[in-house]
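Below: a set of structures, written as structure tokens.
The same chain A turns up in both complexes below, where it pairs with chain B and then with chain C.
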Partner chain A sequence: MAGINIIPLFVVIPLGAAFLISLFGKFIRRFADIAAVVTSLSLLVCSFRVMMFLQNTPGKLLIYKIGGWQPPFGICLVIDGLSMFILFIISLIGFFVTVYSLAYMEKYTDKSKFFTLFSLMICGMNGAAITGDLFNLFVFLEIASIASYALVAFGTGHEELEASFKYAIMGSVASCFIFMAIAFLYGFTSTLNMADMARTLSYKQGNSFVPFVGVLFLMGFGLKSALIPFHAWLPDAHSSAPAPVSAMLSGVLIKALGVYSLIRIFFNILGATQGFLSALMFLSVVSIIIGGILSLSQWNLKRLMAYSSIGQIGYILLGIGLGTPLGIFGALFHLLNHSVMKSLLFLTAGSIDYAGGGKDLRDMSGISKSMPFTAKVNLIASMAVSGIPPFSGFFSKLIIIVACIQKGYLGYGVCAVVGSILTLSAFMKVQKFAFFGERKDGAKNIKEAPWLMRFSMAFLALFCVIGGLMLLPSIRFFISDAVQVVVKGTSYSSIILEAISK
Partner chain B sequence: MKILLEPILVSIVAGLFIFAIPNKFRKLAEIFSLFTALYLFVAGIKIFFASPLNAGYLYVDNLSRFIVPGIGFFGFLITLYSLKSMSGYKSVSSYYAYIIWTIGVSILAAVSNNIIIFLVSWGFLGFLLYALINMKGPEANAISKKTFIIIAGSDAFMIIGFSMLWMITGYLNLTDIKIPIDSNLSFWSFFLIAIGAFAKAGVMPFHTWIPETASQAPVSVTAFLPASLDKLLGIYLLMRLVLNIFVLNTFSYSILMVIGSITIIAAVMMALIQHDFKKLLGYHAVSQVGYMVLGIGTGNPIGIAGGLFHMLNHAIYKCCLFLSGGNVEYKTKTAELDNLGGLSKIMPLTFFTTVVAACAISGIPPFNGFFSKWMIYQGLVENGKSGGILWVFCLAAAMFGSGLTLASFIKLIHAIFLGQEAGHRSSLAPECKIRCARDRQVIGNRSRDEVSWQMWVPVITLAILCIVFGVFAYQIPLKFFIGPVLGAGFEFIGKWQSLKATLFLFAGLVIGLIIYLLGNFKSVRVSDSYIGGEPLEKDMRLSGTEFYNTVKEYGVLGFIYKKAEAGFFDLYEQVKKMVLGLGGFFQYLHNGILPTYLVWTLLGMMGLFLFFMR
Partner chain C sequence: MINNSKSGMSLIVRTVTGLVVCFIMLFGIYIILHGHLSPGGGFAGGVMVALSFVLLVLVFGKDANATRISKNLASNLDSIGALMFLGIALLGFAQGAFFRNILGKGSHFDLFSAGTIPLSNIAIGLKVAVGLFAIFLALVILEKFKEGQ
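So, the complex of A and B:
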């Protein structure tokens, strides 16, 4: 198949899978499992194919016109370095989480419903990452969000329902403001195609319209990516969802919907002004510090990890907010690392819970004796997230800190360092209370997680160990292509429009 | 390049291999790691003779060339020692893997020229230390957590310091960098990097992990990392900063001197009152770093050379002390001074090594510790020639600290090796009596019960080195190791003829012995310990630690001691309290009520509007 025709498959495959699983999953045994694995595996293969194809395409840009309609009248799907980057992360984490949930979701009753919702969520995220149309972005965003509201409530306990309710309300408020902003933009530019919109905006400036829309977007996507003070839904939602869902939410969803859209809209459409960058950096630093402190004072394992996600999103957006190529490189690299290590952390928390170790750190003790594999993997992920060399997180944090200093933001650099110490302390607390210590009497019959779960965790842990190699010049293209897209800023429009007209 | 890279790669691969050996094949892991450690030692010696080398990212100059074989040397001794001392631990393969990695990565840290490689290796060492302390088991994990947070936290500040350095100069290779401290930026850059060195070496106020690690971690780990390797590396980094990377001004030098003096006095005062000998040694490991920093802080060649020499000496005698202590603990299963005593006849080799190392650390001629302290004093006097009053206080602190060191080691030696044997006390609580009885069973029945050769060979080697480096100081260490570092050389104010002096000392001792033998030594009077005229009762036992309680109860000092033991001066504990307080406040704000959260969101949006639309 020609490379360009693979592009719609990123939406079609998961959407079709969701449909089929909900239709047949109830009747055919193991259908849901097989369909889910095949889906995620084929998505992973597709993203590899497209990545290779993108490398050999001049301009590193692929455009698929839906139904053959010429944009800006029709909708187009665009894959550039940044979309490819996000797409690959979604597929990678999606695959491992799917494999993990094959075993993990056994303890819930309705696996086929789970995989239906899961595929829908993947579909929404993939769509948001590859679309070139702003309204289409909103639609995919809503698909993914609504699927995630349902997934958070999957356990249907009162805690899950409450968390899901809060998440749904706050998510809808955010969606509402995003929608409003898109409507304003549409009214102002009379187009919904991102590239076209950017071009129109570039010669229709000179009033306070763009900052106004900017604030609406910043609030909406800030809430989706859980920046403080828009973060309050995250700890509840991420800690009460089933572990694979938490892994997906913390690892991918907040980045695909929040960070990616934020970058795309602000850098490529509206144009990143200094005011926006300063606001973003300020909020990020607040997130780093407060997220770090809050995660340190948690006793619920998953809630601790969820708060640490807020801090790590702060790092990503701090790097983005610097606006320098180095900062953006560090930020995107940290995005990649964080999706791997945070999903891994949530998966380990899931295996502890699965094995009967409980959720509260005060109830756990000496788990490393019963679950040596999980303990080792968790140690690796903790080290990576705290930025201990030579694990992957160290390098991305290093780049972000260096970029801060390079741009002269010494204070922000110090805050980033303090945040990293706070993260380390929080995960040291996990190590101390959960894994070391004397084994409790009730914990004697805890067994190691099944092999499917260990398989996923092992691969993700491997990446945490050797992730620093991503900086080698021969594989760096994966990140630096994405950085190129961000750095080019609003000239994105002319590139896309030129490619469309060909 | 190859000669530098090879040992590092070998250590990583060998470490992975050892890590993969199941704990069942204990002998295989032990023997393999012993040979790897030996190989690394030999490779270190090769690097020493091949240097100076410059291979781009890696380089060896006169400063790092003697650090490398030093790392290999201690690594080998510790591996040898661990064969026996770790015999009670189960997860041997990961232990030896961590040890081998530590050796390799330390070598990498010492030879790296590139800032990034340096930071990676330096940070990984912190992780390895954490893993090694955890070997002890559940009781050690509070300490390992604290240690790791202090070390990794200071490393994080070091990253900022290095990035500032990079911003000022634009170079990533240390050999390209040489800047004066003339602006705020360069000053902070220096001090932030120095924080990393301070935490590693254990300078106040980043020292609190050392005594606690010493009391909890396996003794081979303590002797390896906090006692010798971390000193080598920490002071190496400080030296590198002072000699090559920065040109310090008087103010920075003075700060170093003040930090050094405070560290000497405060830590040795804490050491004085300890009852656990491992903790006591740990405080001395902090106190001695003060001398090194003080020596470097004098800023003149003789003082800096003295600091460097003291680093080398300290690594030797402190490693020896910890390992000797480990021998005692291995045999008696206790580290409490109160429960020990009279071991000199039972463990003569350990007694000998402890006395030698204790004399060295207290600065008694002709041992090596005296020589380096003597150089540091000279550096201070030299520093005083340029005026100022600070050097007087520093000199006083250094000398007074030396005296207190001797005092606390007299206590240690008395309590462990001299004095009455343990188990004579009947006024103890019953459970204690049982333990004492067990101790007596272990040590009391036989007249000689030395540890096996794997454990005494390392300590004897180190003790001999203490003597050799002291007596032949000019001929060996200064000529080959220390001298080349200070390219221009250094002048002694007062020359200490170590060889002649030793001969005289020895002659004096021999004459004393002859007089003793010629006299009617058979009528030597043996009497009870003098305890202020009180009669010594049968069930009374003096371990020696009680004599030092006076210090603890002395007015203002008593107050300070009480605060210090409660962690009042512990930076880590104070920051922890603050952060947890803040965390409690933020948690109070997160009350779980949806409208509150929505209000935050709207308030946040309003703030953004105000910011953007003004």
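So, the complex of A and C:
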């Protein structure tokens, strides 16, 4: 299928696969495995195709009118640099996590249910990334969120159910805020198309309307992306979900639903005011520091990683909040790096758990002797996440800090450095207690993870090592196209409306 | 159907329910089929159809013959409903666009008009009716499980 007709496939393929798996997965052995791998691989291929197609399109903008209806009356799907960036991350991490969970989910009873929910979650995230309609964004957001509530509870133990319940309540509160904000905006502008809405807002001034809606959105998407005052659901949900789900939640979901939607709405629809940017920067610096300190004090391996996720989300939003092209570039680059390295970290935690090493750092010791591969991969990811020079995380953090200093926020830059040191010490704690030291008696029969799990971890680790090469001018377009979309701000509306009318 | 089960509610409730339940279900089906002509549609009608089954379970007890739909059948029909809807949307590719209405539109206010929209309503109605009833069945099974302990 050529050209523009590929775009709806990003929703169609995972949605169809989800229900086919739930229909045939019970009867045909291995159907769920094969369908899940084929789905995620075809999504990866599709996103490569669309990326090539987008490069060759003038204006770097693709618009698909669903059902042939003319927007703003019909729903349109929009792929620009930013959507493409998020879509590619979802497909990439989704593929490797699917391959990993082929082996990992063997120890759970119902693999076909897992892949059904997993495909629905990917469908929701893909849809949220490509839609050009605000209410459609909300619907896809709910699909992905509800699938993730169920996935967190997949182990059906006491802890999992409690975490899932907490996550479901907090997530529903977030959805309420977002829904209310969308309803207010619809009442004010009489349209749901994002571009049309931005155009209406630009000439129809309500004195305190936009800040009010902005606060509702900030609370809603802040909850979805786990900024610090809204973070309470994240450590429980991430630490009690099965490892592939934690990797998806931390690597992709909080970014696709939280950060992406926040950027899209604030920069492209409402228009980012200085007040909003200052609030965002303050919250993200608080996230960096408190997330770092809290992660340092954890003894549960996955909980430690979950708190570190809060800190890293702080880096991303700090860069966004600076509002300068360099800051946004650093933020998006860090978003890409963090989704790779945090998924990798959760996957290594999963393979330790799979091999029988447990979850508590105090119970494990000397694992590097029994699981040399996992230990090496975890070391790479830990150094990347704490920003040691040759690895990918260093470059993105450096860009964010330089952008802070350039804009004159010296204090925030210092906080970012301190947060980096806190992350480093937290992950050195993991290295010391989990991988080095004397091997305990119970740990003698721990074996290395199966090859499917090692395959995924190896590729993600490879990206952590060579991720800095993304800064080379020939492949930098991938990030800088996304930055262009954010920097253009509310002129997004005129660009899209012009492209629609053609 | 009325007398074959000892559990459930009193004779008056059973008799009245036996009389009205067909009409409730029929009204649900009417709402689904007229979704493109009058207010309502697949979701609202599907909820009514599901509630008619729920009413039977409540009144005649969970072992009554009329409500012996297994959880597997319900979840399979649920998936089929979703796939039907997706299939109708994909048919639009035959004329170049996802979700395009490819069938003849007919004349206004006819039952057989509006192309693929009544078909989509039927698919959604099936999905909602069976999905809601499956949720109810899951809760009933949980109740049985608690009694068993």
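Operating definition for what follows: the second predicted complex is superposed on the first by the 501 of 502 C-alpha atoms of A that agree within 3 Å, B and C clash if a C-alpha of one lies under 4 Å from a C-alpha of the other, contacts with A are read in each partner's own complex, and residues count from 1 in each chain.
Convention: contacts are C-beta pairs under 8 Å (C-beta built on N, C-alpha and C of every residue); 3 or more make two chains touch, one makes a residue touch a chain.
All values derive from a computational prediction rather than experimental measurement.
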{"item": "Touching partner for A:S22 - first (chain B), second (chain C), both, neither", "value": "second"}
{"item": "If touched residues of chain A are counted for chain B and for chain C, the larger one", "value": "B"}
{"item": "Which of chain B and chain C A:Y64 touches, first, second, both or neither", "value": "second"}
{"item": "First, second, both or neither for A:A458, with chain B first and chain C second", "value": "neither"}
{"item": "Contacts of A:S386 with chain B and chain C, given as first, second, both or neither", "value": "first"}
{"item": "First (chain B), second (chain C), both or neither touched by A:P8", "value": "second"}
{"item": "Residue ranges of chain A touching chain B (in the complex, touch as defined)", "value": "165-166, 169-170, 173, 177, 208, 211-212, 214-215, 218-219, 222-223, 229-230, 232-233, 235-236, 275-276, 279, 290, 293-294, 296-297, 366, 383, 386-390, 394, 398, 401-402, 404-406, 410, 413-414, 417, 420-422, 424-425, 428-429, 431-432, 436-438"}
{"item": "Residues of chain B defined as touching chain A within the complex", "value": "116, 119-124, 126-127, 134, 138, 141-142, 145, 148-149, 152-153, 156-157, 159-160, 163-164, 166-167, 576, 579-580, 582-584, 586-587, 590, 592, 594, 596-598, 600-601, 603-605, 608-609, 611-613"}
{"item": "Contact footprint of chain A on chain C as seen in their complex", "value": "72, 75-76, 79-80, 82-83, 86, 89-90, 92-93, 96-101"}
{"item": "Touching residues (chain side chain A, partner chain C) in the complex", "value": "5, 8, 12, 15-16, 19-20, 22-23, 26, 64-68"}
